[in-house]
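The following blocks contain the structures, represented as structure tokens.
In the two complexes that follow, chain A is the common piece, with chain B as its partner first and chain C second.
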Partner chain A sequence: MPMPSRGPAPSRLPAMAIRIAPIAGILILWEIAALSGIWPRQVLVPLEQVGATLLALASDGELARHLSASLYRLASGFLVGSVIGVSTGAAMALSRNVHRLLWPTFSCVRQVPVIAFIPLLILFFDVEDSFKIVVVAMASFFPSALATHDAVRDIPESHREVARLYRMPTAPFLVRLILPATVPQVLTGLRLGLTRGWLSLVAAELLAADSGLGQMMEMGRQLFQIDVVLAGVFVTGLIGFLLDNSMVRVERHLSRWRTA
Partner chain B sequence: MKRLASFALALAFPALVLGWWEWESRQGLGHAYAFAPLEQIARSFLEMLADGRLALHAGASLQRALTALLIGGTIGIVAGVATGLSRVLDRTASPLITVMRQVPILGWLPLVALWFGNGDGAKLLLVSLSAFYPTVLNTQKGMQAIEQRYAEVGRLYGFTRSQSLRMIAWPSALPLIFTGISQALAFAWIATIGVELLFSASAGLGTEMMAAQVAARTDIVLVCVACVGVMGFTLNQLFALLRTRLLRWQPATAK
Partner chain C sequence: MTDHRPLRGPATDKAARRTGAVRISGLSKRYAMGGKAMTVLDDINLSIRPGEFVSIVGPSGCGKSTLLRLIVGLDTDYDGEIRLDDTRVAGTGLERGLVFQDHRLFPWMTVAKNVEVALLNQKLPRDRRERVISEHLALVGLSDFGDAYPHQLSGGMAQRAAIARALANEPKVLALDEPLGALDALTRVKVQAELQRIWMEAGTTMIMVTHDVDEALFLGDRVVVMSPRPGRIARIVDVDLPHPRDRASPLLHRLKDEILAELTREPREDDGTLVTFPGRPRG
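The block that comes next holds the complex of A and B.
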């Protein structure tokens, strides 16, 4: 009788441990350095204090307030930016006249990093919520428009030929032909847009905001609370990771028919 | 004729935007505050060009970006070669880089400000970090993706470790290293503007934009935005040219 398979767990566990070891090592070094008192406690904050601050911020609702403000801005900005981006990109790729009209301007404005527009946007929208939503929308607009444009343009001419031959109406043409053919590339563009949106939002909140993770860190800096700043860095990184990771999963899920 | 039509269409959109802008700027003082008249934007541009302000700030930003590219890029390439060659180093350094990279560059800014102040050193540190990530990742990928047949040849000829590094691994990794540097150049430029916006000390296009925003000078802000865009574009194009020149011996793999 064969031995029951024990699954991949034993071999995976050491691999996992090896991957985590360097990070654990750095954290231990940090803790030793913090406790040794070479630097003042306020400058090199012990990890347990960062953890305690994080817990305190989480339990008194402060973190939830900042986090929900940031995520609300990110979600609405990303939604607006990517919807406009995908439709503009598709329109530029499908119609020669739209391409002629918009492409030159699009390629020019695309050269400017979105954070360079922040001072201009402050002048136009003041420092209200709308300003940050516009920043995120702009940051997610360009990658999604570009990816959609390239994806639609790369559809083989033969596909479109067949659709023309069968006199496929516009709606099914978009949903049954253009959409599935472009899914992976467009999703990659959306993921890039989301990452850029997050980066630009943090910058915008550091610069001008009354709430949000960026503002929480900026306040921590002004009050010399390194533990608050570190907690903010940790949460910012975690959100960035979760956003990217979940988009990768969606991408894999929606493009699985390609490889299958 | 067709050419003319597409040219006219290309100009139609910016012309429309500019026309709308000019119209808005004439709708009373409240509007002129945000919508600076086109004529005034042009005048500010010429003024900033003439009194050397534009050159000063653009030069400071450019110098910052390129210095940081040199620092971050060099460290990135060295680290990429090291982690690409050694499994131990790869396993030690790669998880750390992956974890660090999750935090947007400007998210480090408050921490860096507290530890190192908001002087030029702190700015350089952050911009260098932004140039470090793409170079280290691409170099590492390049070193690890050596074609088996070349490695085989090296073994047949009994190459020493340094010989195979110099004659096989390095040249075959070069295209990806260049990709890393060109990404680093773009990131460094963005990060430069970002840190200058947030650390408003000493010269730089970002600092100038922030000052102009506080003074409600849309015209100056726009001149700076255009300058940032043109400079970023020019840097990328120049580097692309340099890349094709330096890699012309490798037409097939370079892309």
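The block that comes next holds the complex of A and C.
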């Protein structure tokens, strides 16, 4: 992607400083506010206490236990949701009949936040893992399906005509044309699906769970350990950021031909 | 519709070819535009001999691309008849190829993979397939660029790669839609010579649309001159010169003047629709 020229490239250090400036600013303000005593210390916990709690949680294995529970649910849910999502999206775009059959329902249900289904889903699935896997799967299904649908629809007619001209059989048509032509857009959809899955998972764990990052925060809230809640917020943001970042890398790598 | 004809080497004897005749009769094509039917091609009649090179010239919008799309079967909604060796055209088929005006290579595939696209419908053993690809890359002078991506090619090279792809499954008829339109004059002359050599070696029936009258005359056994609104064949000019031709031939110059005169002829009385002013009644 061409970037507008922004004059001579600044050296690495100041660029990094600019990137972390906002978050550093927030942390400093937070610390000042915490020390000022406007709110009780139990409510606005000072930074160093959150840090210490985080370290304690990390060293006694508590954090690892919750995190691995969450990541397992995220991975299984995302796998299921994105595979079904990509195939459904592709089918809706490739077949007029599938489109007629599914599109109206898809477009409606897509407008409902996954969180709204949680009360229902709790009744149908085991409250521990399977319920949350379903939540993640649903959350990542919609962005993946929509992006795939649009990507396949957006394949220019000129490409399809080449396939028709040479009478490409179905398998190579899918593997050599549809797949590579849609990879960039589909990956963007998967990336969004992963983020949505993560957000919905933490929300679901806040509402009902025995383990998981959300549950760790909920326990903290119930015991009025705001430092635990904040440690959870920090880890949630960090994990989300790392997941998104690695998806961006995959996206860039697989869309290299676009930079032509 | 898989075509299992044995693959010819590029150097098949041209005289041995008896197939590749195109017969177009009473062909008309209408497009619906804003609820109104617009006749784009009107009563086209044209018989093309096997192995013949026919050039088509005509003003922009007279339906040249439409005609080629009908011949290769990308568009099957028409009146009249198009036959290839007595079989009515109904859809695309490997015996009819097309080089689009833009090269239409897939940007995510190497040049060799792009050529392979033309062969996917045939069950060829892998080594055979590789050989066909490299033969055709050699044919258009791109042997060293099989692993290059389309964006790494010049416009002329991309166009030649598209020609290699179109020739790879050895169609009986190859339609070319301004294949050299985007090239500079020098490259153009080179690729014309290359195209002529390929045509003489392979003996494929070729139908080429071009805006360049010199090119049409240099390559064509006949030049079809079309007139617009609706698209009709205004004239068919025989170019009675053996190939390869000398561009300086006086006959070519004389025919060029004739064709240009035909193309720039004042619209006839009944061509009143040629220029219409918005808001004013036609007449």
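As a working rule, the second predicted complex is superposed on the first by the 232 of 260 C-alpha atoms of A that agree within 3 Å, B and C clash if a C-alpha of one lies under 4 Å from a C-alpha of the other, contacts with A are read in each partner's own complex, and residues count from 1 in each chain.
Methods note: a residue touches a chain if its C-beta (ideal position, glycine included) is under 8 Å from a C-beta of that chain, and two chains touch if they have at least 3 such contacts.
Since the structure is predicted, the reported quantities are computational estimates derived from the model, not experimental observations.
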item: First (chain B), second (chain C), both or neither touched by A:Leu47; value: neither
item: Contacts of A:Ala75 with chain B and chain C, given as first, second, both or neither; value: neither
item: Partner, of chain C and chain B, that touches more residues belonging to chain A; value: B
item: Contacts of A:Ile84 with chain B and chain C, given as first, second, both or neither; value: neither
item: Partner chain(s) touched by A:His159 [first = chain B, second = chain C, both, neither]; value: second
item: Partner chain(s) touched by A:Pro22 [first = chain B, second = chain C, both, neither]; value: first
item: Common interface positions of chain A, toward chain B and toward chain C; value: none
item: Residue numbers on chain C that touch chain A, as the complex places them; value: 1-2, 72, 74, 92-94, 97-98, 100, 102, 104, 106-109, 113, 117-118, 120-121, 149-151, 169
item: In the complex with chain B, residue positions of chain A that touch it; value: 18-23, 26, 43, 97, 100-105, 108-109, 111-113, 115-120, 122-124, 198-199, 202-203, 206-207, 214, 217-218, 220-221, 224, 226, 229-230, 232-233, 236-238, 240-241, 244
item: Chain C contact footprint on chain A (complex, rising order); value: 158-159, 161-169, 172, 176-177, 180-181, 257-258, 260
item: Chain B residues touching chain A - in the complex, by the definition given at the top; value: 5-6, 9-10, 12-14, 17, 34, 91-93, 95-96, 99, 102-111, 113-115, 189-190, 193-194, 197-198, 205-206, 209-210, 212-213, 216, 218, 221-222, 224-226, 228-230, 232-233
